[in-house]
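I have a structure here, written as structure tokens, and I will follow up with some questions on it.
The letters A, B and C name the chains in turn, as written, and every chain counts its residues from 1.
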Amino acid sequence: MKRLAVPILAALSAITLAVSIHYIFVKAPIQYTIMDGRLFQSSLFFNQKIFYFHVAQAFMLFAAVGLAGITSAIFLKTRNPKWDDIAAAAVDVAVLFGAVVLATGSIWAKAAWDVWWNWEPRLTMSLLLWLILVGYALVRKFAGPSADRVAAGMAIFGMVGVPFIYKMVGEDSHPPSGADGVVMNLGAEYKIAFLMSVIAFLLWFVTLTIMRVQTTRAEREARELRERGLDLGVLQ
Amino acid sequence: MALLRQAGRVAWKDLRVELRSKEIVMTMVFFATLLVVIYSFAFPASDIELVRGAVPGMLWVALAFTGTIALGRAFDRERENDTMRALLLSPVPRLAVFLGKAIAMTALILAVAVVCVPLLALWLNAPLFAHPGELALAVVLGAIGIAFIGSVFAATLLKVRSRDVLLPVILYPLLVPLFVAGTKATAALVAEPSNVELAWFWIRFLGIYDAVFLVLSLWTFESLVIE
Amino acid sequence: MGLDLVEIKQVAKRYGSERALAGVTLELRAGSMCALLGHNGAGKTTLLGVLSTLVRPSAGGIAYRAGGKLVEDEDVRREIGMLAHQSLCYGELTALENLELFAGLYDVDRSRKILDALLERVGLDVRARTRAARTYSRGMLQRLALARALLTRPSLVLLDEPFTGLDRSGALSLGEQLGELKAAGAIVVVVTHDLEAIAGRCDHIAILRRGSLAFEERADTYSYEQLKDIYHRHAN
């Protein structure tokens, strides 16, 4: 079963990604507003399609911080390295994805508001979450043998800090979310594309994370076997 | 409670050690002063509007930098003769050790703030004393947050490689909500007209932040510090 | 009631990918001095760390017993005295202040008379007692460290390379103190490379090699020649 997990998930991710791309580019209409019979100037047109990737990946940053925080807490309690593996893998993958979120957010900002960056709430929050993840990655890399313990601490504190970051960035110029929000008010064609892209990215994230965890476990097993060999005098 | 008494002993020891040499307090105050001097070159004091906008940030940046350096230095001291090991080895509950150190650090950071705030008000003509009570509360809550979260990680990093660099790497992202809240509270207080209502919102935010992280720190300290 | 039996059961410790200890099982008894020997990196300091409760084992555990009953947590720490390469004392405080501080933390008698008597016993000069420990010579620091360790009348005394940096007479004097402790019924564990200093006093040898217990033996006493011989035969 475990051997099949990655190939199945990979296939699923590929399929949902393909489907969502189809929905995004083919099915969902280009967003524009008509006022007085003419096209409204601040429409995003084709750039709006970035929305599908951008929001999906932002969710994924949240998921990563949450996952890292929870698995780190379990790791500190049980000291079982397999939990720490998950945290480290999730963060590794999320750092990369996060970089993409920020880049796509930047492009959208340029298209919508003509600046590559402004300190508006969702961008800021993504940046802060990403920085926490990057900090974690740096700690893992440079803290030496106790890196797992220290990084776990950072993950837990980071996760607990997320609600505060959320509150702190407040509501400014970002499109509203929740009941009023952009998503709910989208027409049916948009909604499906959006949902598909969120699922696709989450699946992709999970697939990559699992692959990373498997690599780490394989490394550990190889190391332990080598130690056993050295102990028994079979190896040099 | 015995726990608090032991924590008090640890805190008092820290403060006594610091008072003997005054090394951290003196260097931090000097550093903070230098920061204010640099600020005043960066921002012409004649433009009141500009300064008023910048001073809140300056104050909290100064607290951030001096706080982190003070934390590093104070815990470094515990490395010199491995006295941290002596503390953890003693029958004193590890929570008490943490509380004691965190309380002492709060006092140190506040000592720096006490110098920084008047300096900023004086040299940059900033109306920081418009609402002294609220400002004091914000600064105290900020100092507590920096000291407690900082103490957890400074202690965790005690025997870790690259600890000097890693402490800011860990602390700054985690403390962002604290710095932003402090800055916004201070900004609301020095604004013309001052928005005390808004300031209280951010002070409450700081209070909740401190409470949550205090509990988290107490909970995780032993797990993180014992190898 | 002091500790009279310490059972180390299958204690293992990993730091990330490094294996410091691999399933060490050992029994320590009252009124004995155990020499914990081995090359650098063999795991001696780690084992001492686990014994002192400052290092959490990855596997296995230690049972501390007093009169057959299990002793735990803070009560165990109350019984431990440690002497390491560093003094474990505060440089800015004087000898008396240091002792007062630790007496307070361990909740033992802090009267000036007792502290003075203790400092007398370890041979710390009267004039030095009211000077900051920062100003002490290495020998004096070691005496202060010993006083600090003895202050609490520990029944488990752990020493990590205590003879380093001491001159011959200092080492002899320390050796004598340890002999007294052993005679009084304490469990003494010494990690050292200075076999001469413990010759004639230790009655239990444990040699670690790459994290495992390579050799263990008990006898009435061991001479310097015997120690050297055993060390050469088993430490490699």
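The rule is short, and it goes like this: a residue touches a chain if its C-beta (ideal position, glycine included) is under 8 Å from a C-beta of that chain, and two chains touch if they have at least 3 such contacts.
Quantities reported herein were computed from a predicted structural model and do not represent experimental measurements.
Novice: Which chain is most central here if centres come from C-alpha coordinates alone?
Specialist: B
Novice: So using the touch definition from the top, which pair is joined by more C-beta contacts, A-C or B-C?
Specialist: Of the two interfaces, A-C and B-C, more C-beta pairs touch across B-C.
Novice: In angstrom, rounded to a whole number, how far apart do the mean CA points of chain A and chain B lie?
Specialist: It comes to 32 Å between the two C-alpha centres.
Novice: Centroid of chain A to centroid of chain C, CA atoms only: how many Å?
Specialist: Result: the chain centres lie 50 Å from each other.
Novice: Taking the mean of the CA coordinates per chain, how far is chain B from chain C in Å?
Specialist: That pair's centroid distance is 38 Å.
Novice: Specify, in ascending order, the residues of chain B that touch 2 or more different other chains.
Specialist: Residues 227 of chain B each touch two or more of the other chains.
Novice: If I count partner chains per residue in chain C, which residues reach a count of at least 2?
Specialist: Within chain C, the residues that touch at least two other chains are 15, 56.
Novice: Tell me, which residues of chain A touch at least two other chains?
Specialist: Within chain A, residues 144, 146-147 contact more than one other chain.
Novice: Okay, in this complex, where on chain B does chain C touch?
Specialist: Touch residues, chain B against chain C: 6, 9-10, 13, 16-17, 20-21, 80-83, 85-93, 226-227.
Novice: Looking at the complex, which residues from chain B come into contact with chain A?
Specialist: For chain B paired with chain A, touching residues are 149, 152-153, 156-157, 159-162, 165-166, 169-170, 172-174, 176-177, 180-181, 205, 209, 212-213, 216, 220, 223-224, 227.
Novice: For the complex, give me every residue of chain A touching chain C.
Specialist: Counting only chain A, the residues touching chain C are 79, 81, 144-148, 220, 223, 227, 230-231.
Novice: Using the touch definition from the top, list the residues of chain A that touch chain B in their complex.
Specialist: It is residues 76-77, 128, 131-132, 135, 138-139, 142-144, 146-147, 149-150, 152-154, 156-158, 160-161, 164-165, 167-168 of chain A that touch chain B.
Novice: Along chain C, where are the residues that touch chain A in the complex?
Specialist: Listed in rising order, the residues of chain C that touch chain A are 14-19, 22, 56, 58, 210, 212.
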